[in-house]
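Each of the two complexes below includes chain A, the first together with chain B, the second together with chain C.
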Partner chain A sequence: MMSRIEDGCIKCGTCQNACPVFRIENYPYFQGPRRIAVEAPRFSRELTSLSDSPHMCTSCALCESVCPSRLPITEAVLKMRTHYGIESEGGRRMISNINQYGRTIAPTSKFTSPVSGSTLFFPGCIGDARVPSAVQGAVDMLIALGDQVYIPNEWYCCGSPLEKIGAKSEVDRLQEMNSAILGTAERIVTACPGCTFQLQKNSNVDVLHVLEHLFEVITPSRLRWRSTNPINVALHSPCHLVRSVGPHTMDYAREILGSIAGVRVIDMDDEGCCGGGGGVTSTFPEMALKMARLRVESAIRAGAHMILAPCPFCVVNLRRVGDLEVKDLTAFLTELSLCR
Partner chain B sequence: MSPPVVDVDIFIAGGGAAGLTLASRMASNGYRVAVASSSIAATAISTGRVLFNHDDPAVAEWASLFLTRFRSRESNYDLLERPTVAMTNIGTPLKQSLTNSSFDWTLEDRDVAVVGVIGNNDLDSDLACLELRRSLGICARPLWISPFPYPTAANNHFVGELADILKDNISENTIVLPPISSDPTYALLTKLQNLSGKRVVEAATPLSLPGLRFQLLLEDVAEEVGVRLLKDRRLISIKIHGKEANEAVLSSGMRTIIVKFSALVLATGNLASGGLAVNGRGVIDPLNIFRVSSTQASGIHSSTLRNALSSGLDTCKGRAITKQGVVIRNVIPIGSLLKGVSYPLGYGLGEVMLEAWKSAPIVEDAL
Partner chain C sequence: MPSKVEVLVIGGGATGTGIARDLAMRGVDIVLVEAGDFATGTTGANHGMLHSGARYALTDPISAKECAAESKILKHIAHFCIEDTGGLFVLAKDDNEGYADEFLNACRLANIDTHEIDVDKALTLEPGLDSNIRAVVEVPDASIDPFFLTLGNVEAARFYGATVLNHSPVCGIRSSGSRFEVTINSGKKSILADVVVNATGAWAGRTAAMLGIDVPICMDKGTMVVFNGRLVNRLINRMRPPSDGDILVPHRTSTILGTTSSPGSLGEVASYSEVESLINEAAAIFPNIRTARAIRSYTGIRPLLNCKEMGRSITRSFQVIDHAYDGVDGMLSIIGGKLTTFRLMAEKASDVIMKKLGRTARCSTANEEIILSDDEASDIFDVEAMRYRQGRKINNLSLDMACGCEAVSSGELFIQASSPDVVNIDDLMRRTRAGMGYCQAGLCVLNMASAMGVGVSELRHYMSERWKGIEPVLYGEQLRQEAFKAHLMRVYGIDHTEPPQ
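Moving on, here comes the complex of A and B:
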C-alpha cells in the first residue's frame, strides 16, 4: 500500500522549485524533496541512490508550505533519515552529549533567576550555550513586567534536534526526563522555535515563543522601549518559527519592532532559510555556511546594519558568516526594554 | 489563553487570482478586507498568461485598478487589443490578451532558436521544436547550453556571459530561453536583449516563475490598496447560525485565529490548490459543509480529470448552499471553486478574475 505522500503527489515540482538547498546543491548530489520523500520510497530500489540527500535537508518545510496537495514532506524526509540511521559525525556527537548531560551541548551558563514560580522559562540547549544573553535578558524583562518567571534547576533537551536526525528513542527518553520538571508549570515560555514546537506537542499547558508571550499575554501596551540611534535591521524569518509555530509570530515581531523609535525594519530581496536547521550545521557545515552567506548578502544589499533573528539556531549559523552583526531578537529587545 | 481575533467587514479565504481581485476591489471601495491563504495557488503555478473576453466591460474596470499599478511597478504588462497566440514551453499555442508582449515567444516569431539549459526542466528544447513542427509545421532549432549560476541581484556578471554565448554562437534572430528570473520588470531579459542584440523571449511556462510573478504582482497590488494578507493561514472551520455565517477559524502553524466578518468569500480554488479534495468516490469540499456538484464539460478525454475539473460548489444567486440545502446569505463562493470554472487547464485566469470582479455587488448586498 502506498502512503498518503506517495499517493498524493501530483508531480508538479513546486517543492523542488521552492527548496533552498536544491538551489545551491544540484542533482545528483542533492536530489530535492520530491525525490527523497516521494520517488525514492515509491521505487524502493532507488533508495540507495539517494546518498546523502536526506541528511542535507534543513527541515525548513518550505516544500511543504507550497505543496498544492499539502503533503507532509518534511516528516517524510525525516523518516528517510531514520531509515538510514545516524551516520554523521555531528549526529554521533549530539547523541553522546545527550547520554552525558541530557543536552545536545554541554551546559555552560548559570542564570540569575528564581527557581520556582508560575511561568517556566525554558532556556534550550543552544540558548544556554550560545546565546545566554537572550535567556537572561528575557527573564529579567519578564520579571520586571511582573511575571512570576523561573528557570528550574534541572532541565533537559526538548528533543527537537534529535527528532530531526531521526533519533527516536532519545526523543522519547528526554520527554520522560523532562515531564516531571515541566509538568508543574502553569505556562512555558522559550526563545527558541524548536523548543516551543517540540514541547507544545506533548504539553497540556501553553508553550509560547517569547514573541507570543509578549504580544498575547503581556500585550504591547505594557511594553516600553527606549529609543535608539537610527538603525536598519533585517528581520530574518526562522523556518521553524514561521512554519511550525506559526506565521503570526513574525507579524508580532514586526509590530513590536515598529513601536521602537529609531528602529527601521527593512525587507530583504529574497526570503529564505539560513541553513542552520535539521542538523546540517554539524553534518554539512560548509553547505550551511553557503546558505547563511546568501541571507547575509541579501541583508547587506538591502542596506541592513544588523540582522535580527528570533531563533538561536539561526543566530549561530548566520554569525558564522561574519560580515554583518547578527543578534537574537530577544536579546535585542531586552537591551532596549525600559522594563528591566 | 483565547485565540487572537481578526475583525473585518469582508473575509476572503483563498488568495489566488479570484480572491485577490475581489479583495482589491472591495478594499479600494473602503471596506476592511482580510485574505487568508495556505499552500500554493493555482494562479502561482499557471503560466500567468491571461485571456480575457474583450467584450466584457469589466475588463476595463479590472485594468483601471490593476494594470495601472502593475505599470507603476515597472512590470510592463500589456493589455492587447486583440488576443495573440503565444507558444508554450512544449511548443503548443496558447491564446492570450494580457502579458508582456516584448518578451513573449509568439506565433509571429520566425527564425527561432530554442535554447534549453541542461538541468533546467522548464524548457526541453528538443521536445518543444518537435511539437512545433508536428502540430504547426513551424521549424525552430533546438539547442542546449550548460547551466549557469542561479541568477540573483548579486551575480550580475552571469548576464554578460550568457549574452556573449547567445551573440557568438547563435545565428537565429529570436532566442527562446526558459524563465530565469522572478522579477516582474523583466530587467534580466531587457539586459540580455541589449547586450546580445537578439530578440530574447520566454515561452509560456506553467509550474515555474511566470505564474509566481503574476501571483506576487496581484498580492502587491492588494496590499497597496489596503488588503490585509494573512499568508499561510488556513481556513479550518466556519460557524453558521441559521442562514448566516459569522465566524471562521484559521490555523496558523500550531495555533488558531478567530475571524469575525459580515461577509465571507470562499475563493479556495479547485483541486490543485486544495480548495476541493477527492475522497475516492468523488470530489468533496474539504470543509465538508457546502454542496458540491459537477457540470457537463467537454474537451478532456480522461473522465476522472473531467469530473474533478468540472466539479465545484453549488450556488443560489451567488450564495453557497449547505449539504442540507440551506442558502447561506453571506457566504459567497467565487473563482475556480465554482463548478465549471477554469476548465480546461490552460485557461481560467481571465474568467476567474472578471467573475470575481463582478461579484462585488453580491458581497455588498450581504454586508
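Moving on, here comes the complex of A and C:
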C-alpha cells in the first residue's frame, strides 16, 4: 500500500541535490534518497537490485529537512532496509552482540560513579566502548556541578543503531529490557544524540542531551571555564543532534564554547554529515572515511587545532582520518573544568 | 518498401502485428502499415489484463474458454511483458452472495484454475481490501504490457522477413484485377497486394469503406484511471456481473482502475464524472482508493459489430469477416476480441489468408517466444528496470538518470531514439515508459527532447497531449505536482495546460 511518502513527491530533486552520500558515490551505484524512499517502492521485481543503496544512507536526514513536501524520507529508507533484512557483516555482528550482551559492542568500561540518584546518565554502547573518557568526564563534571547524577548497574542498548539496520524486533526487545531500569529516573541525560532521540521516543521522563542539560538545567551562569592555552576549535554539527534532537543544541554548544576564555570557535567553509551514522561505518567503511575526510579537511583549511563533536559516533568516525585531533565536546569541557 | 506483396496488413495494434508475425513465420511475403505508432489504438488504451477468462465465465463462456487457453500460451511466449501476479475475485459486502457459487461453477466449466481462499488470508495478501468482504476466489489472471507486446510482435515479424512500417496511414484501396492497390501517406506511396487485411479495430468501418464495403461499427468507450504505485499485489476483480469500476490491475509502477462502458467516439477523453464513478465503485472493495494518488486517465474504444446490443452484453469473442461475401475476394476484416486472444485471432485470420494464397504452412506462433528474453539479472537497478521493460538489457550504457519515476537511463533513451520507428516524443515514451510515472514527464520531457534532438514546439505538443489525460484527475497530490510543473515549464515559455494547437 502506498503512503504519503511515496505519493507526496513532486519531483523537485531537492533531496537528491542535498544528499551528502551523493558527493562521494555516483549514480547509479548509489541511487539517492528519492529513488530509495519514493520511486523504488513503486517497482516490484526490480527491487532485488537496489539492495546496496538503502544501506549506504547515513540517516543524516538532510533530505527530509530540505523537502518542500516534508516527506519522512529517512523513515522510508529504514523501511526499505527492513525489506532487505540485515545483509552486512557489521550488522550481523551487532545482532550477535545484542543477543549476548544486550549491547551493540561488548561492554568494556567500568565507570566511577554513584549507582543511584535523580539524574540517570545513559552511557550508550559507543560511549561505553569507544569514547569512555566522554562518559566518565561528563559524570565527573556533573557531580562537580552539584548534580545527583548516576549510572545504573545494568543498562542495554537504546535500540537506535538496530533501527538503522532494520532490526525492528530487536529494537522492541531492548526497549522492554530497558524499561524497568530507565523508568525509575527523574531525568535521563546522555552524551549521544542517537540515544537521546531514541530514548525520547518511548520514555515518559525528560531525556536530554548533555548540552541541553548543561544549558537548560544547570544554566550557563554556573558554567565558568577557562583554557590555559589559546586554542582554535572547529565545531562539528552532528546530524542526529541538529535534526533529531533539535537545532537549538548547536546554539547551546556555541554559546558555551564562546564564553570560555582562550577558546575560539572558527567557522568552516563546508559543513555536513561526517559519515558516522546509519551504520555505514561498518557496512561501507571506505565511504564513511571519505566523508569524514571532507570534514577534517575543511577544519584544517579553517585553521582549527582540533575538531569538537557532541556525538560519539562522529568522534569515532572523524578520528579515523587521523590528520587532526578530534574530541568529544563533553570530554573537552571536562578537561577544562579541571583547570577552573 | 516493396511495390508488390502477397499480403498487406493495415493496422499496427495487437491484432495486426500478431497477424504479421504469424504470416511471416509461415514464410509469407508481407507488409504491415500503421497510421500512427504501433499500439496507439485500442491496444495502447486497454486495461492491461491478461484474462484468465474468469471475468467472462458466466456471461460469455466462449470468450472465457479462449482466454483460459490463450493466457496460458502467452505466459510462455510473451513472458517478457507479463507479470504473473495472479488475481482475486472479491465479493463486496453488499453484493449478491449467490453469485459466488455460480461463478465458481462457470470457471470450472471454462477450464479456469480457481479456488476459494479465506477472507483473512486474502486480507493479509492484499491489506488494502475492505475488511467486510465476504468471499474471495483466486484466479490465474496476470498483468500484461500491451505496448511492449505489440513492439515484440513487430520485432518478431521483421525477424522473419516482414516489412513493418509505422506512421504510414492507408488513404485509399482500389481493386485492380485480382489484386489490390493500396495508397499510403496521402498518395506518396502505393503498393500492390494479393490479400488485404483490415485490422484497424475501431477504424475498421472507415477502412472497409475505402472499398465500398459496409462494416457497421459502434463505438463503446471505456475509461481507466492510473494510480501511482502498486496499491495491490495482484489483480483485484469485484465478484459480480461485469460492471463499471470492477478491476484493479497492478501495472509496472502503477495500478490501473477500470473500466467504464458507454457509447463514445474516437479521440474522446475521460470525464470527471467517469473518474468519480470509477472511484466510488472501486471503494466498495478497496476503500483506500479514495485517498490514493491518481496520476492520469485514458480511454479506449471497443469496436462493436452488433449495434443493437451495446456495451457489456455483447460477446467479446472476435470475428474474421471474409469480404468475398460482399463481392470483394481477397479482403478480410478482423474485429473484436481481446488483447489476451490476439494470437488466436491472428492464427484464425492467417489460416483463412493461407487458403486464399493457396499455401499450406501451419501456424507456429504458440511454440516460440515472441522475443528471446534475457533472464540474467543485473545488480544495477536501472539496468534491471530496463531488462523488465525491454525484455533485455544492454550493458555499458550511459546510466545517467533520464526519467526517475520509471528508472530510465539516458542510454536507454538514446538507443530507442535512434530507431527509425521513433519520430516524436510520444514514440520514445512508449518504448521506454519515460514520462509515464507520477510526475507525468515533468522532468524527463527535457531529456526525451534532447535525445530526439527536437525543440520547444515538439515539447509543447507532447505536453498538451499528456495534459488531456491529467486534467480529469486533477485533485490531491497530482494537483500540487501540476502546479509545480507549470512553474518549471514556464521557464521554457510553455503552458502545459493549453490544448494542443
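Keep this in mind: the second predicted complex is superposed on the first by the 332 of 340 C-alpha atoms of A that agree within 3 Å, B and C clash if a C-alpha of one lies under 4 Å from a C-alpha of the other, contacts with A are read in each partner's own complex, and residues count from 1 in each chain.
The definition used in the following text is that a residue touches a chain if its C-beta (ideal position, glycine included) is under 8 Å from a C-beta of that chain, and two chains touch if they have at least 3 such contacts.
Just so we're clear, the structure is a prediction, and the values are computed from it rather than from any experiment.
In the superposed pair of complexes, A:Ser244 makes contact with chain B only, with no contact to chain C. Of the two partner chains placed by superposition, only chain B is touched by A:Asp206; chain C is not.
Using the contact criterion defined above for the overlaid structures, shared-chain residue A:Ser65 touches chain B, although it does not reach chain C. In the superposed pair of complexes, A:Arg301 makes contact with chain B only, with no contact to chain C. Once the two complexes are overlaid on the shared chain, A:Cys12 sits against chain B and chain C alike. In the superposition on chain A, A:Lys168 makes contact with neither chain B nor chain C. Once the two complexes are laid over each other on the shared chain, residue contacts for A:Ala40 go to chain C alone; chain B is not touched.
The interface of chain A with chain B overlaps its interface with chain C at residues 10, 12-13, 27, 69. On the side of chain A, the complex with chain C involves touching residues 1-2, 6-13, 27-29, 31, 34-35, 39-46, 48-50, 53, 69.
On the side of chain A, the complex with chain B involves touching residues 10, 12-14, 17, 23-24, 26-27, 65-70, 197, 200, 206, 212, 216-217, 242-249, 269-270, 294, 297, 301.
Listing the residues of chain B that touch chain A in their complex gives 1, 4, 38-40, 42, 45, 119, 121, 147, 150, 152-154, 207-208, 230-233, 251-255, 257, 272-274.
Residues of chain C that touch chain A in their complex: 83, 127-128, 227-231, 250, 252-254, 288, 292-293, 377-385, 388, 399-401, 404-405, 407, 409, 437-439, 442-443, 477, 480-481, 484.
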